[in-house]
Amino acid sequence: MSTVPMVEVEQATGLVKEVYDDMIATRKMSQIPNFWKTLATHPPTLASTWSEWKAVMGTPGRLDRLTKEMIAVAISTTNRSTYCVNAHTAAAIKAGMDKEMLGELMAVIGFFNKVNRMSDGYQVESDIFPKIE
Amino acid sequence: MSTVPMVEVEQATGLVKEVYDDMIATRKMSQIPNFWKTLATHPPTLASTWSEWKAVMGTPGRLDRLTKEMIAVAISTTNRSTYCVNAHTAAAIKAGMDKEMLGELMAVIGFFNKVNRMSDGYQVESDIFPKIE
Amino acid sequence: MSTVPMVEVEQATGLVKEVYDDMIATRKMSQIPNFWKTLATHPPTLASTWSEWKAVMGTPGRLDRLTKEMIAVAISTTNRSTYCVNAHTAAAIKAGMDKEMLGELMAVIGFFNKVNRMSDGYQVESDIFPKIE
Amino acid sequence: MSTVPMVEVEQATGLVKEVYDDMIATRKMSQIPNFWKTLATHPPTLASTWSEWKAVMGTPGRLDRLTKEMIAVAISTTNRSTYCVNAHTAAAIKAGMDKEMLGELMAVIGFFNKVNRMSDGYQVESDIFPKIE
Amino acid sequence: MSTVPMVEVEQATGLVKEVYDDMIATRKMSQIPNFWKTLATHPPTLASTWSEWKAVMGTPGRLDRLTKEMIAVAISTTNRSTYCVNAHTAAAIKAGMDKEMLGELMAVIGFFNKVNRMSDGYQVESDIFPKIE
Amino acid sequence: MSTVPMVEVEQATGLVKEVYDDMIATRKMSQIPNFWKTLATHPPTLASTWSEWKAVMGTPGRLDRLTKEMIAVAISTTNRSTYCVNAHTAAAIKAGMDKEMLGELMAVIGFFNKVNRMSDGYQVESDIFPKIE
């Protein structure tokens, strides 16, 4: 149970209602996820986080939505954030990830969590690589 | 400086030499990165980690190489693994990531590290989503 | 369920009983939290951890108790430690944190988890700042 | 060295210049820190992160600036983000943190990183606490 | 509930059945743990992870099994990986860890999570130590 | 460089001098490591952390010193704490760890950082295991 009682859709007014309405219209959701209903207890954080979602996840760019959702799973898994692993695995599935792609994703996640620690544990010095110009 | 003296190419024999030769042939590298020259101090770990690299990163699959390298950057950044952030940023650039894509990637990394913590901090309860069948 | 059966108040003897009695007197608690009843399975760790609690959290100093409890929430959230997020959110509320302050705290937690990763991911070099003299 | 060449003040144009000018005016800085000069390589991320800084850190609220900067140090330390530990320790000192307060802060950081892991390692079950109403 | 339906023993065929049979024979298990039944949804990852388990954990070497299982608990606790804390605490108990040893292990885990953060938070510069030759 | 100027041996007085003298006598060190000289800027934290070191690391118990130092390396690596990885790798070497044992240790660290994340990423449900009685 969240630390604070969530703001349910029928309780929303003002800025919170605006965000909920925009969210339902933009994401074609039938209900507001618990994360957003909890953020709504602090309206400015709800509004700015939702703006950031739209800019980062909802705007077409160079990375497609499925790629971004798989990156979200990789980060949430590495941070062991139960809520986000669950939510963004679902979002990646909705964006087209099947069992085979999930298997490859988990293999990549496992491999880099392993080599990250081995390179740190052995105190390996960085190689010199060209940067972006 | 690594905890142990690295095995330089000219010192490699037996299993280590086999791996180095395969690595140079497979990845068309002019030199062996410090990570692998350090793992070579424990040959069975070098050999199994290299096999895993080939299976996970080197084999064509459902995720393309650039996607995997960007996921590698996301994980290594979340783990704050200096060596791997440096190496896999370079690998992603080599695989086609430009400054704009790096910018989008960093925006995704920033956003999920933020919402991961906010959902955990507010103790938000998971929503129910359909799983893969 | 803890890995080991907890030491209940009525089972406490010797050093464990001394700590429990001191804890109830000092913190005016009606019951001993599960964390301490689990540590009691290794009495020297119980005693030294309780001493540390008294020195760090229970002694008036330059930082007030509410500030320390909010810092505890920030750290426990960043470590995603479910038990401590729950316990120290409750302790911060008891020390005066209301919903508005919780909202600001979560905004700070979200912001720094984001910029921590973006500065690491972009491999930004440290600026030079004056130190404490 | 950052992954990408930073945007120096004299190179800034358009949105980047606007942010730099606002930053110098708002924070009374004589120079732009490396973090922001690196974000400037992706202008929308620079602009939105700077807006977030102003809302979260620069706006007077229920938590004062010094408290927020000490929380920033606690989070950055727990994430082991070298750049941010350095920058926000400096910011906390500027906001009034002296050596004694730093000592108390580090004691709190040490204590919670310890008990976070002990409660997770012993698999301690959460106590039931009242939530915010 | 896992993201994907697990492969139960009676559903196993081909490579998955081979691994399950080898696992039951090698580890004298009466049932396959959920982790492996989930990995089985991506057979190559199941097979390579099981090979790695046999090489790293199942092969007699310089570190004995109990030591390795206690290290597994220390790492899983530091990563706050609920599944692995639970599984490897059980494995360490099976390999001979009693309540007293668990107490010492948790004291070590607590101490290093504390000093890790204090050394990072104070930005302490590394001492120079001799390396392995 | 530490955030605060370290207390050098010749500057130590009172409680700090007592701890330094005890440390040199107990650990037969020719010099005080930077970590302790930094903690000395807050004498009560120096004294309590040194007491904890003696209880946890310096007192003979059920786990021997080498095992504890290898666990310290595993934790510090997982936390990516540069100072402690360096210091406790050196301490483990001094306590008898050779290159082969380091290789096995790194293989264990790599393996569990990998499977920790894969079990979390796939949202695997815990198996039921017997606890310590």
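Lettered A, B, C, D, E and F in written order, each chain numbered from 1.
Keep in mind that, in the parts below, a contact is a pair of C-beta atoms (placed from the backbone, for glycine too) under 8 Å apart; a residue touches a chain by one contact, two chains touch by 3 or more.
Just so it is clear, the structure is predicted and the values come from calculations on it, not from any experiment.
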| item | value |
| --- | --- |
| Contact-graph distance - origin chain C, target chain D | 1 |
| Interface residue overlap between copies chain D and chain E, same or different (over half shared) | same |
| Between B-F and B-C, the pair joined by more C-beta contacts | B-C |
| From chain B, the most remote chain by mean C-alpha position | C |
| From chain E, the most remote chain by mean C-alpha position | D |
| Separation of chain B from chain D, taking each centre as the mean of its C-alpha atoms, in whole Å | 27 |
| Geometric centre distance via CA averages, chain B-chain A, whole Å | 21 |
| Multi-partner residues of chain C (each touching 2 or more other chains) | 1-4, 44-45, 49, 52, 55, 74, 78-82, 86, 89, 99-100, 102, 104-107, 109-111, 113-118, 120, 122-123, 131-132 |
| Touching residues (chain side chain F, partner chain E) in the complex | 1-4, 33-35, 38-39, 45, 49, 52-53, 55-57, 61-63, 67-68, 70-72, 74-76, 78-79, 81-84, 86-90, 93, 98-102, 104-105, 107-109, 111-120, 122-127, 129-132 |
| Touching residues on chain A, where the partner in the complex is chain E | 80, 89, 99-100, 102-104, 106-107, 110 |
| Of chain A, residues touching chain C in the complex | 3-4, 41-42, 44-45, 49, 79-81 |
| Parts of chain B lying in touch with chain E, wherever the complex brings them together | 1-5, 44, 48, 51-52, 55, 131-133 |
| Chain E partner contacts - residues on chain D that touch it in the complex | 73-74, 77-78, 80, 82, 85-86, 89, 105-106, 109-111, 113-118, 120-123 |
